[in-house]
Amino acid sequence: MYDTFSTDRLIDQWLMEDIGGCDLTVQTMIGKHETGAFQMNAREPMIIAGVDVAARVFQRYDPSLEIKVKVADGDRVEKGAILLEVRGAARSILTAERTALNIMQRLCGIAGETAKYVNAIAGTSARLIDSRKTTPGLRMLEKHAVSCGGGLNHRLGLDNGVMIKDNHIAVCGGITAAVERARKTLPVLTKLEVECDRLNQVGEALKAGVDVIMLDNMSVADMKKAVELVNGRTRIEASGGIRLETIRPIAETGVDYISTSKITQAAAAVDIGLDEA
Amino acid sequence: MYDTFSTDRLIDQWLMEDIGGCDLTVQTMIGKHETGAFQMNAREPMIIAGVDVAARVFQRYDPSLEIKVKVADGDRVEKGAILLEVRGAARSILTAERTALNIMQRLCGIAGETAKYVNAIAGTSARLIDSRKTTPGLRMLEKHAVSCGGGLNHRLGLDNGVMIKDNHIAVCGGITAAVERARKTLPVLTKLEVECDRLNQVGEALKAGVDVIMLDNMSVADMKKAVELVNGRTRIEASGGIRLETIRPIAETGVDYISTSKITQAAAAVDIGLDEA
Amino acid sequence: MYDTFSTDRLIDQWLMEDIGGCDLTVQTMIGKHETGAFQMNAREPMIIAGVDVAARVFQRYDPSLEIKVKVADGDRVEKGAILLEVRGAARSILTAERTALNIMQRLCGIAGETAKYVNAIAGTSARLIDSRKTTPGLRMLEKHAVSCGGGLNHRLGLDNGVMIKDNHIAVCGGITAAVERARKTLPVLTKLEVECDRLNQVGEALKAGVDVIMLDNMSVADMKKAVELVNGRTRIEASGGIRLETIRPIAETGVDYISTSKITQAAAAVDIGLDEA
Amino acid sequence: MYDTFSTDRLIDQWLMEDIGGCDLTVQTMIGKHETGAFQMNAREPMIIAGVDVAARVFQRYDPSLEIKVKVADGDRVEKGAILLEVRGAARSILTAERTALNIMQRLCGIAGETAKYVNAIAGTSARLIDSRKTTPGLRMLEKHAVSCGGGLNHRLGLDNGVMIKDNHIAVCGGITAAVERARKTLPVLTKLEVECDRLNQVGEALKAGVDVIMLDNMSVADMKKAVELVNGRTRIEASGGIRLETIRPIAETGVDYISTSKITQAAAAVDIGLDEA
Amino acid sequence: MYDTFSTDRLIDQWLMEDIGGCDLTVQTMIGKHETGAFQMNAREPMIIAGVDVAARVFQRYDPSLEIKVKVADGDRVEKGAILLEVRGAARSILTAERTALNIMQRLCGIAGETAKYVNAIAGTSARLIDSRKTTPGLRMLEKHAVSCGGGLNHRLGLDNGVMIKDNHIAVCGGITAAVERARKTLPVLTKLEVECDRLNQVGEALKAGVDVIMLDNMSVADMKKAVELVNGRTRIEASGGIRLETIRPIAETGVDYISTSKITQAAAAVDIGLDEA
Amino acid sequence: MYDTFSTDRLIDQWLMEDIGGCDLTVQTMIGKHETGAFQMNAREPMIIAGVDVAARVFQRYDPSLEIKVKVADGDRVEKGAILLEVRGAARSILTAERTALNIMQRLCGIAGETAKYVNAIAGTSARLIDSRKTTPGLRMLEKHAVSCGGGLNHRLGLDNGVMIKDNHIAVCGGITAAVERARKTLPVLTKLEVECDRLNQVGEALKAGVDVIMLDNMSVADMKKAVELVNGRTRIEASGGIRLETIRPIAETGVDYISTSKITQAAAAVDIGLDEA
């Protein structure tokens, strides 16, 4: 889930960032009319994310390039898989190459990291979700990569749901008052989430009718109690310090969502290369 | 090394990406005239990179905020260190918070990862360098973070040096011919690097008078031979599959530079929080 | 509710649209160092919306202008009320004048039109809401003007809630299937609304657990039945052909929201002038 | 009269305003490869303005859409008329739909409102003209809509003619001095208009050789006298408080132009829908 | 005559063009906290144009710089004159220096070249005017420089007056028909000029009531006849192949305007330097 | 050497600068469906530079235009040569004409001026180079024009090489210290140049191992001594007050590069016209 039209604007900026004045190597070494055929290869097993974006990098730079996308976002591929083929002006392909690789390597990295967490909670009722802890400039694409890895998206941005945190609660004099204040002007299709640090806030949040209750850094035991207390009347998100080693017991408490920034902030890029076809 | 003026334009885009229509939480929950005082805290030991950028995120969003930067890029700080203080309109601080944290967490992560590699080769004559494998949109800032961690920068972009690779050599019919072709139009202050996959190319590159010879994926033994052959007459870069575990013997061969994408593509974000002061 | 930071970018574009090459009148007639003091006056009774935006138009064009805002958004003022005072370089004030007036006249017009509809349903449980039928380029500001007039906002944009319409239902083979499909990837804090053209769809929508049911162009009698059927288990929006003359009986059916495009698409600008103080 | 090239830039911004992160409904409900055929229908009689702009909204968002424009700007059509047909990726059509409708509904509204005033003065020598009181961001398109309705355009912007008003006259010490001052630096193809509040200024303006004399808020009797006085030696514009009910007697005084902001500031959008073909 | 607000946007782009990734010299050589005081000096006699623009280049790059402008646009200064002083962060001053000098050197060059032509026709009734033959991106500033040199501006751009040329006349079937066609939709404050290649077109143009008649590449003798024929009833512009050596006799024919592209297309930059104060 | 992709963004801005609101002449005089065939003609002998840019101006404005480029950058053509042909919508061709001509006239002017200097030093070992003294906004294109005329490019921008000048040397306490300071953080493929005002600095610069030594405003005799001293161990650039009349003896001293701003700052535009084919 990302918009191709606005992504094109990002792609244009990325290309110009790398090119600067001009690609000195290509302009001094390669003739204007030389052509070539190249393919992007997976140099390790990976989950695909952003292959259409990578294709689009080449296309934006030079609309005359012929591109064939050979895999789809969400696919799991083996080492050696051909991801896309590009054919045409050698100058254009080599100038755009690094930008296309950089974005796709990063997005596949996120998809793969997400999949590890998703697998770790497979079979439970919990779904893995992301956060707003994404790379500045890549919000929608990184959230898309999370989906490719099987995760669900939390807020897309600050206009996409309300999160009431401890300092809001303090200012308003309690969860009930805070929720009432938000409701007065909240757009009709926007949900409201409250962050609870202590178990005894969960009841008040529930009564206030919030859409999601976030349990922040609670013990597994307390999470279990919260799940029982809520008993399906609203959604529950577990958050804070989630690690791959500790996620399954949390998922087994019965919470609806588990959020972690690791999938976007600690995912290493995968290895993809562009080779002559 | 990054330009503050053009970084401001990036900051503006990051802010608008996160805010979208408006920050619903802040606008519904917090009064226009409420003020607050917050500080950014290191939640783990880290090397600082981008603290002025983080400060600038707040300042761009609301020039009336008072900001005190408490550390400098390149500093090594302990868990609990205060990185910056920001005071003023609570709405502005909370709206800009996530963007400021996201960029700084990422840059400090890169600085720290770089420092690990730099430490691993301490005492040798080799310097650790980066590559163009950076996050699209963050090129200069990530390269700056590499410096904060003690690394040196390779090309800033495609207009910043020429790299002759195997396919260029093939097209031109040899390294000598390729270098001659490039020299004809190369700007006066631009250096030229040739990628050598095999030891027997090093001599030709040396004779052609290139500024840097890159040894691509060579064995440590071959690197040693290359260093002996060149004997200080030009610079040598080791590249390809560098890992923290294997970097020291490479550095000890006497190469001038060792480049790795790991420092930009596999660095996890550090943990930084914004708390009420 | 609008973001001042991104509104500044709109203001810059508006100013340049009106100015083009330069303000020929001001540049040929008025000295660079002449100063003046002006005030914006309400030339008819109105509800204020966008006074800070109007102030900001002057401030963006010339940061050295001194501006005093005398009213607040949402205020109801009489003919003759002073809305803001601006003092400084006469050239700057006269060049920015028309842009400041144009936006504020339009926003106050929307606020006033909204208030008429809000008054018409006063005392009922229904709230007046807007739609995405806004002027291209002015989405957030027009929605803000609707709040100033006492209305509530529907979706801010296409990333702000899901609306399932008849053709989606047809494609998916029914409301239940459509809702399930959406749920699979819907971000956690996003609500889901279904458009029902016929009363017999309401039950299915309710069972599918949607957040809002829109009754599209239904008779008042059918709306009443829908309200009874739903019985508070979800929110109901009445939509389609709403007019000031017919809105009250609709509100009295017990629906939660009534949406109309009239408040944004048929509101005449109010009369505001800039006069020497 | 508008430039298609720069209008494309506006269209891009409008689309991104509505889409934000992405169109959640379309992305969750509609398959990437589903296609559809839709048509824009007039839901009331209207004068066409902006049909090529609406077509271009679809085309910019997705160049692969096939679009057939069935009417031309300036056409008067009946309820039920098909305005354009669009065929292709269902996702693209539905994402761009609202933006295309919003702009065209507004522009046709302006054209229709203009036509009412133009009709009211039919047969006289007066021509209806617009003002700079347009929606920020839509200047040229709204002026184009005025032409579609049979009106003529006044200044396109501040670089498009000089308007000498009372405060300029005061500063310069009279109309003659003001005109002389302007003439010194005025570009060669730019006209000069003077605003006269009182009949006794008309003679001086005439002698100063201005291109247009604006009679501001004068009585019909005074306008008649002004027309006689000028006797065809320059153009005369009547302005201020023009209403549909009072415009004809003004036109019959023999003035050349009558300007009103009502056609741009008080025109309601017309009703246009997009339906499956 | 230029707009400072939109000029700021140009300045930002110029700065980023020169800086690219960052100013390597300044960042590697000069400390962040070093300060300096510099002045711009005229290294030859010149007419000033763009000194406020040059000042603004420094100010945009670093608002904390203190700048004193010592001359005004239009001033004639001797070699050695101090044009502006700038004091503050040495890094900022040195990074912005070249951009500030480049623009001002060019604009003063144009002003000086213009003054030569203006002097050559001093005492006649003719005024020297420019054309649209300006450097792409610098239209308004170059036209401003023409004024600083004593010239008058022709059209600012394509929206600023109508020019009927031979191919328009051919298409419409004569000057009279062409003028009528233009008048139908021409904005009220826009003038109309007709290009006449032959003397026998002048009469028709005069009768058609155009605002300016351009005599294109006519002999001085024919120009004289045209002036007599027109006899003050409209304005006359002489154009085509004007040179400094041949301009005076043309001016003495009695034409109102003489236009030349030489002042913008063949003006050499003047020599200005930035030296430590 | 320039990047076509980022040049497209410049072209768009140039077009909008000239067009403003709209091309009034074309819109009032020429029918939407009229077509034409035109050709760009050389009205004097010239060296071609920017013909693809001129072609691209037409193509960006209207992708449906058919364009045939008849010459190549670097070609030397006679008066009367056809440079490109353009065929299609007459409105589009006439609207884009001036922008296409303006840029190409300027670039060919620079190429021709450069060629004069290059010819003057033909047969010597010196190469003519440019500087950063280019028109703001046209850096890469003007540098490209210099290549078309046979010159070589100096720095593309501030991120493209380091220049150590007298004030840097003063701050650091000597050339050796300055060079060491720069080396610490200089990117690997960036060269370093030192400006020497006096002969006795050349030895120190040589020892410090700089890549280029610039002899600033030295006498021919001193230059000769510097060449002997350096004896091929590094590159030497002669700079300062270079004129066409004095350049040959400088070239004959044996310097590697001679730089002058005259080729970009004092080149007159060539005469090119667009005529019906």
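A, B, C, D, E and F are the chain letters, set down in written order, and residue numbers restart from 1 in every chain.
Keep this in mind: contacts are C-beta pairs under 8 Å (C-beta built on N, C-alpha and C of every residue); 3 or more make two chains touch, one makes a residue touch a chain.
The structure displayed is predicted, hence computed values, not measured ones.
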Tell me which chains count as touching both subunit D and subunit F.
A, B, C, E
Give the label of the chain whose average Cα location is farthest from that of subunit E.
A
Euclidean distance of C-alpha centroids - subunit A vs subunit D, Å:
44
Counting in whole Å, what is the centre-to-centre distance of subunit B and subunit D, each centre being its mean C-alpha position?
52
Which residue numbers or ranges of subunit D touch two or more of the other chains?
1, 19-24, 27-28, 95, 139, 156-157, 159-162, 185-187, 190
What graph shape do the protein chains here make by touch: line, ring, star, complete or other?
complete
Which residues of subunit E touch subunit D in their complex?
1, 129, 147, 152-157, 159-162, 185-193, 211-212, 235, 237, 257
Which of the residues in subunit F end up touching subunit E in this complex?
10, 13-14, 17-30, 34, 36, 95, 98-99, 101-103, 105-106, 109, 132-139, 156-164, 167-168, 171-172, 178, 181-182, 184-187, 190, 261-262, 265-266, 268-269, 276
Which residues of subunit D touch subunit A once you look at their complex with the stated criterion?
12, 15-16, 19-24, 27-28, 60-62, 95
Hey, which residues of subunit C end up touching subunit F in the complex?
20-21
Quick check: in the complex, which residue numbers of subunit D touch subunit F?
1-3, 5-6, 9, 139-140, 143, 156-157, 159-160
